[in-house]
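Just below sit the structures, each encoded as structure tokens.
Two complexes come next, and they have one chain in common, chain A, joined by chain B in the first and chain C in the second.
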Partner chain A sequence: MENNNAFYVALSLLLDFDASLVQIVALSLQVSILAVLIAAVLGFPLGAAVALWRFPGRGGVIVLLNALMGLPPVVAGLMVYLLLSRAGPLGDWGLLFTPGAMVIAQVVLVLPILAALSRQKVEELLGEYREQFVSLGMSRPRMMPTLLWDARFALLTILLAGFGRASAEVGAVMMVGGNIDGVTRVMTTAIVLETGKGNLPLALGLGIVLLMLVMLINAGVYLVGELTRRRTG
Partner chain B sequence: MSSFNRPLLASSALIPAPTLCFEEVSFSQEDKLLLGPCSFTLQGTGPTLVMGPNGAGKSLLLRLAHGLLAPTQGEVTWSSDLRPRQAMVFQQPVLLRRSAVANLTHALAVNNVPRRTRVKLACDALERFGLSACTNTPARVLSGGEQQRLALARAWVLSPQVLFLDEPTSALDPAAIKAVEAAVREFHQRGTRIVMTTHDLHQARRLAGDVLFLSGGKVREHTPAAAFFNGPVSREAQAYIAGELVE
Partner chain C sequence: MTKMVNLLFAGVTSLGLAFTAYAGDYITLASTTSTENSGLFDAVVPKFEDATGIEVRVVAVGTGQAFEIARRGDADSLLVHDTTGEQRFVENGHASERADVMYNDFVLIGPADDPANIRGTQSAAEAFAAIANATAPFTSRGDDSGTHRAELRLWEKAGVEPDRDWYRELGSGMGPTLNTAAAMNAYVLSDRATWVAFGNRQNLTLLFEGDDVLFNQYGSLLLSEEKHPHLKHDLARRWHDWLVSGEGQQAITHFRVDGQQLFFPNAK
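So, the complex of A and B:
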């Protein structure tokens, strides 16, 4: 009964666009979108480069990228925490316990996913295109934009997967953001806190938003897949 | 070698197509000799049809000539100092995941053709190959015949001096084959050196200026088409033309 009540209160919070709830959701989206965009700008060319070039230690790089896909968020959080803490190498930036630190932590988490998965996809495409590319006299740097563009639908799916990971994790942003009310409180950290306090309506409301977001992302992935099938046969 | 100059198809080219020369070229993989050593010179007007049973090394020879593979031994040389402009059409056309016209503009962009002229050149080529209606259609949803024509159009916009075709019609129906052969004739008339593999004897009779016959990784015969079809010298070619199963 108690939980049922909490559910209705949560719904009313959502429907009323409760100010604190909206702020938390907005910050979550801002941090995760920015993190995923930065990770994409770095990760996609990195993945394509590993697919294109043969160099000593390439196998090691691939294994490392694949392994880092499963990097525990708390470990990523710890690494960024050590980097950004006052005594750390980047302590002068004064980023710890700001949204900036949370973006960095999420970039660390998402970058390996984007790089490793795009490497796989680009390598697959390259296998198909290689002879044609050589026939056209293309250099490797010239192949990169062509491959990335032709893999665009797959990359979009990978991007959404990265966003899912960024928006749903809690450990890293808790450690480097600090869950400060109105400053660094995002959906996942707020859910942890509110549940601990027994404020179930807000926790549930945020949970529902997070769930809907995950649903939306998956719907997006599905639609992109369908579109690809239709456009490219 | 003047007998090679007997053209089956009139050539209107002013500049002679570059001469291709194989000198003791061989190619092996994991110590297994797959082709050669073979030496021959492709001059005259062609088109040169490379014939032979499956596994004879036809595709390999084309890839070595085009530079997709480097010979293990020997040298592939051209008469011109610069490597001539060349293009290749594959058995399975490799098309980018974009519209038909974007496939052509991409090839032009790669070859540093100024942006302003790309679309015009691409559209002209699409029209020439009867693909105007599919300008904005994703290339990979086109039919097999249309895809192969698009691959030919992509080669066309690059104005190659040499065009390699690797069994371009083996997966096509008669109407599509006819369109591809017409396209090959157009290239030939523009003065492009054509080097094409096929295992279709009728097609070879229709197109060939000279024939390079391979079996077992060796060049068995290189003669003008008429001579090849009327009286092949090598035992392998005799058997092949007689319709026996040659290995």
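So, the complex of A and C:
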């Protein structure tokens, strides 16, 4: 390489449209987006439910969700590894070292963030809406969709926080995916590999590509959010 | 909103396609970072895939972790470099067969000005003793890998108990350890392959090589059919047999970095 500048490397990576890089980028996006979607389908209702219902041990659940936001990715990876390993309880699924295993590990990482933050947001809204709800005689299960819908812009931001966590982590996908070339190699594990080879400019170049990608997604979501906000007033 | 839902739906659909596209015959091979980081697999595996149509998925970890992955039945085949550990693995019934595949050697890397003066030493043990005497910084893998195990044997041979003042146990792979050694200007034991392919040497240079005790043998293992009936034993055997066949051995010979041969086939 005639120029060892990381920005130059990043630029030429993008301009060359290198096939293996495209595959790595595509897999990164697929795994993280799917993980965030699954986590949202489970996490938002969970967060709203904890906000709405009063039950024994509720405080404990809230503390647990908040604490799990800080779960180290490598611990999540290790837990999922032990579950999916052939010697583990779900070994028969044969999922270890596949993209499916990476999705599961990222769901474990993202779910607490979505649940804990949406719980907080929904609880705030509930405070504002409570009197209206009571006057309408609304039941809790009917409040949930209303609250979630009215919190949608905040939820979008929470979704992005979850996506950030998923696309940035390396410990979990490395452990359960194995960084297999062409199968489970994603941006972050490729960066670790290139750093290991001492190809620091290439590693940093990949990092810049990842950063640009995440910025692009954030800009897109911001735009969608702004447009809908304006339309709905 | 519907647009976004459509977009997400398209994303999920393409995801499903991507996941199913990986079907076909493949084996999972647990191996070491030295083989992966040097680029050996990129050169050798495609030749096997062309010859047999079997895809080889390499999970590159330290030798200790590779053994653990195989012991749990999570890989179909194993290619590592710790002959003692490999023989024990066979004796304990985890593997049914072991074969020598190739060797390379360990080399002692250090700062170009060589403060411990190991350039002038006659044996690896002498070089290690000189580093300890000079209390020059030494970075160790510290990750129970094949290279780490070899390094520990060399300290023992040199009759030295490494001291925390100058001995840094990193717990990382070969590449990251070389990165750290380059940053600290420290001595480090590396396999030759990773060193030759390594791109961030800074002030480091090769200082000692050629002692017989630095010999680094790689072995291929077939895993126990009894303990792991679910593994792809037939496909794994074809990989194992190909590696030690004339064709496989030749592929190893032909792998060069900067014109230098990094692995030397020696199957019997």
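Operating definition for what follows: the second predicted complex is superposed on the first by the 202 of 233 C-alpha atoms of A that agree within 3 Å, B and C clash if a C-alpha of one lies under 4 Å from a C-alpha of the other, contacts with A are read in each partner's own complex, and residues count from 1 in each chain.
In this section, a residue touches a chain if its C-beta (ideal position, glycine included) is under 8 Å from a C-beta of that chain, and two chains touch if they have at least 3 such contacts.
Fair warning: this is a prediction, and the values are worked out from it, not measured in the lab.
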Superposition on chain A - do chain B and chain C clash or fit: fit
Partner chain(s) touched by A:Ser135 [first = chain B, second = chain C, both, neither]: first
First (chain B), second (chain C), both or neither touched by A:Gly91: second
Inter-centroid angle chain B-chain A-chain C after superposition on A [Cα, multiple of 10°]: 170
Larger contact residue set on chain A - chain B or chain C: C
Which of chain B and chain C A:Gly198 touches, first, second, both or neither: second
Chain B versus chain C - smallest C-alpha distance in the overlay, whole Å: 14
Chain C-contacting residues of chain A that also contact chain B: none
Complex interface listing, chain B residues touching chain A: 63, 66-68, 86-88, 90, 94, 96-98, 106-107, 110-111, 138, 140-141, 158
Chain B-facing residues of chain A, complex: 128-129, 131-132, 134-138, 142, 146, 149-150, 231-233
Chain A contact footprint on chain C (complex, rising order): 1, 3-4, 8, 11-12, 14-15, 18-19, 22, 28, 33, 36-37, 41-42, 57-61, 72-74, 173-176, 178-179, 182, 197-201, 228, 230
Touching residues (chain side chain A, partner chain C) in the complex: 26-27, 29-30, 33-34, 37, 85-88, 91, 94, 96-100, 178-181, 183, 193, 195-200, 224, 228
